[in-house]
Amino acid sequence: MAIDITDQNFINGLIEKERRAQRPRGRWLVVPIVVLTIAYLTPFYYLFVTIFKTSEEYAKSGVLQLPTSLAPIVDNVVQAWTIAHLGQAGLNSLSYAVVGAALSVAFAAAAAFGMTRLNLIGANGWFMLIFTGTLFPFQMYLVPLLFGYQRLGLINSWLGMLLVYVAICIPFPLLVLRNSFSGITREVDEAARIEGASEWRVFISMIVPNATGPLIALFLLQFTFIWNDLLFSSILANGIEVRSIMVALQSLQGTYSTIGPNVVITATLISSIPTVLLFIVLRKYFMAGLQLGNK
Amino acid sequence: MIKTASATLSPEILKDARRRERRVAWRQTRIAWLFIAPAVFMVSAFLLAPVVFNVILSFTKWQKFTGLDKFAGFANYARLFAVPYFSEALSNTAVWVVGAMVLPLAFGLGLALLLRNIPLQETFKSLFFLPKVMAPTAVGAIWYYVYAPHGVINSAVAGITGQPFDVGWLYDAQTVTPSVIATFVWQTVGITMVLLLLGLAAIPRDPIEAARVDGASGWQIFRHIIWPLLLPTVLVVTILNVAAGFTTFDLLWVMAGSYPGKRTLSLAVYMYYESFSNGAWAYGSAVAVVLGAMVIAVTAALAVLQSRVEKNIR
Amino acid sequence: MSLIKTIAALGLLSAVSAGTAYAQDLTLYSDKTEWNPGITAVMTAAGTEAGTTIKVQDVTPTDKYQAFMQTSIAGNNVPAFFTWWNGNQLSDLVATGVAADLTPYWDKAIADGDFSAAQRDLVSVDGKPYGVLLNVANWVVFYNTAAFEKAGIAAPPTTWEELMADADKLKAAGYTPFNAPTSGGWMPFIWFSQLVLGTSPDAFVGLTDGSVAYDGPEVQNAFKVWGDMYAKGYFTDPREQDDQKFFVDGTAAMYLIGDWHSGSFAAAGMKPGEDFKTFLMPALTPDVQQAVIVEASPIVVSAQALAANADLGKAVQSMMGADASNALGSAVQVYNGNLKAAAPNATIEANKEMVAAAKPRALVRWWEAVPSQIQGDLVAAMGSFMLDPTPETAAKSMSTMQAINADYWANK
């Protein structure tokens, strides 16, 4: 059937269709979205009313009721802080997360450079070897690590924890950086080499600056992973001096019958502040980080 | 170019050039070794060697205080089926894997389609993503009280209906696994949605517009245009979530901390319990081997599927 | 680049500060949070004797504490002092070689009249003592005197029939008869083992040495009685994590537990001997001999720590003195059995006399007697029943327990 483009009805129809497509779709969608969001955020609401309650108030009032005063948070923080030694644990986790993420990304970057920018014989084999490290569930590492650490005297030590975090955090960044380094044009480093730069110079001043985006995103992801870890620290370093913040938090939760949910929930909030703050401030990099694994 | 040139070159020169090339290659390889050495060492020493040792361990009698040197054959593997707890943990793990595979994807896809092209999209995205930034330990601690006998859910239901409501979500064999999975979905749906939104954004608009002009319904457009193009992303998300379903530990350990049967809530928990609460290290290693074999088999199958789908699209 | 510098500085700073906080003190580890003030008093005095300081660190609940200690032992990172259990739990521990042989200190304590040779046997493996007594307790039924009065119960029950009749009266008066928690990862065994004990003390012993099956007639009977009691509403909500809550807030009228618990009732505002008293749990039928469970908890000393610091011997000796016992008793009302020390409260004194008069068969707790490898798995099955006290769950729990038990003894 031929279309008569002079047909006014047809043109009107097209215009109408176009307008419908242009209109911000579904104003009515706002309702389900808002309802869903509220339901979704209820646990956060619970968190924020609970941290302002005393233990007695928590026991007597409804769990979703608003607190009568904001003052109890001070005591809740003090209790959580002193009973679970959150300060020490937070410092431990911060050092594991910062140093561990930095080292693992650095090692991964160096390896990715070696595999993509130098004519490494058997590069694929080496890559597969390291990539194997992402295949196994963590449960397969635990018992041997515990006893290996016992033999080496790394158990309950800061260094021991750091080493395992660095190792765990290498394979994924390597996968990502291998891709992004191969995307950098060859001329960049060839030019530097011709001018007599060492491979190390090429790596540091040519390749790394060309990949700061993925590097920062990877650092953030690994930082978050280490900060959030419970499993490794609970087994390899549960001493107060070296344990991670999540182990400290878990020691508080559901164990002492005398500590109210208000204190535990406050500790939960404290232990989440660093990663949530990082997420809010560096959201762009987080979201970029999500895309890294897909390419 | 080179080919035509080489025809005129003598074999000696060619050989020499090749030798020089090889020398350069070896020189670069030796330098490259320095670059890859730290990563190779760390991964081999702290990840791969333990895996090998774990497999060896599972054939010994090591438990609590003795027996590392005693060979047990397949006794630990035989015990898996002699004691009912392993089968319970296995079936709960199956529930977990299916739940983790289907639910975050279904909800995440729904949310992604809902939130696409609405105002304040970025804010909603961030809000739904927030739980993923928090540690499972922290999320579990909050939800422990959400599900508590006098917790948020029971109080809310009682408040709305006016009837006393008391379900022991985390204390009942029927409800404990679904409850923890619900929390897992709460935590995972945001990242799933964001990944799917990225996938959706990459789908070209022209075929969708064309179909719309042709009068295709929303469902037809989704079924025949969006879904096939989104499938690679869906499979990536599925691989991530299935692996998480197999190995989730923190959430279960924290949320079901006071449930007496917590050890059988998943293979990951069972492995941890047997190894580190019961001191049955060799047996726990056998559980870990079984878990590892299943995770690798399933994710490998999914990865193959994913690469096939991606190839078909191109 | 400034971001990277900041990160580097931050990392360095926190690494340095985390490193400086890593100093090794002498520590006593324990899962007995409620006794912390008493243990701290004893260990402070002991530390002063030895010219050092000994900190007290709690790890709870009990199953987590056991895991912590196992990894510490396997990791060759044994604390200088730690609380433990006697029976099989102690012999397993002694087999690792981490526990110090305390014979010289016990010899002196017995010579001084602080302890008896019979008490030494409570913490001995193959004739050698490996622990300092922290607690010697009788397992009795605590009852709320006000509740008994309100329900019109004149004297505590002496037979099972009377106990059940009293439970009905209490129920009618608005009380839940028995407080029965599942918390801490160990408490589910209390009623299970008590009901087997009430059915047959020999079967109770047999459960722990492989000679009696966990789905045998005695256990079947125990589960039947237990389930009937649940059906009648005799027990409190097992989900409560504060184990004594329902007893001290007056919801529950009775609580079967070791008399070391009297101190925490007192701390919660109940006066021993007035607000609560005790009686011995009767057997299920009159033809069964009455039995009482005696619990003895030792503090174990690390052999390594003792060898490294001879002065620690003075600390150990101080922990066995009457002063230590009195300090423990006055702080948390726990009695370690020291013969020169006074019983910390009226209830514990009354229990001593009650046991001396009734002469029941004294037995080691199921917890200490059962092989430690299957202890936790069995308790989990008992706990499952408490959360869902139906005949189906009972049957499932029994078959699960017997499968675990049979597997253990077949492969031992």
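Labels for the chains are A, B and C, by order of writing; each one numbers its residues from 1.
We take it that a residue touches a chain if its C-beta (ideal position, glycine included) is under 8 Å from a C-beta of that chain, and two chains touch if they have at least 3 such contacts.
Here the structure is a predicted model, which is why all the values come from computation and not from measurement.
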Partner chains shared by subunit A and subunit C (touch criterion as defined above): B
Of all other chains, the one whose Cα centre sits farthest from subunit B: C
Centroid spacing, where centroids are CA-atom means, of subunit B and subunit C in whole angstrom: 41
Between subunit A and subunit B, centroid-to-centroid distance (C-alpha), Å: 15
Where subunit A touches two or more other chains at once, by residue number: 147, 235, 254-255
Where subunit C touches two or more other chains, by residue: 64, 71, 74, 183, 241
Interface hub residues of subunit B, defined as touching at least two other chains: 258, 276, 281
Subunit A to subunit C touching residues, read off their complex: 88, 91-92, 94-95, 98-99, 102, 146-147, 149-150, 155-158, 216, 219, 235, 238-242, 251, 254-258
Residues of subunit C that touch subunit A when the two form their complex: 3, 7-8, 10-11, 14-15, 17-19, 21-23, 33, 57, 59-61, 64, 68, 71, 74-77, 183, 241-243, 245
Contacting residues of subunit B [partner subunit C, same complex]: 63-66, 75, 79, 82-85, 149, 168, 171-173, 258-263, 273, 276-281
Interface residues, subunit B side, partner subunit A - complex: 24-26, 28-29, 31-36, 38-40, 42-51, 53-54, 57, 111, 114-115, 117-119, 124, 126-130, 133-138, 140-146, 148, 150-152, 155-156, 159, 186, 191, 194-195, 198, 209, 212-213, 233, 236, 243, 246-247, 249-250, 253-254, 257-258, 267-268, 271-272, 275-276, 281, 284-285, 287-289, 291-292, 295-296, 299
Touch list for subunit A against partner subunit B, complex: 17, 21, 24-26, 29-30, 32-33, 36-37, 40-44, 46-47, 50, 62-64, 104, 107-108, 110-111, 113-115, 118-121, 123, 126, 129-130, 132-133, 135-145, 147-148, 163-164, 166-168, 170-171, 174, 199, 203, 224, 227-231, 235, 246, 249-250, 253-255, 261, 264-265, 267-268, 271-272, 275-276, 278-280, 283, 286-287, 290-291, 293-294
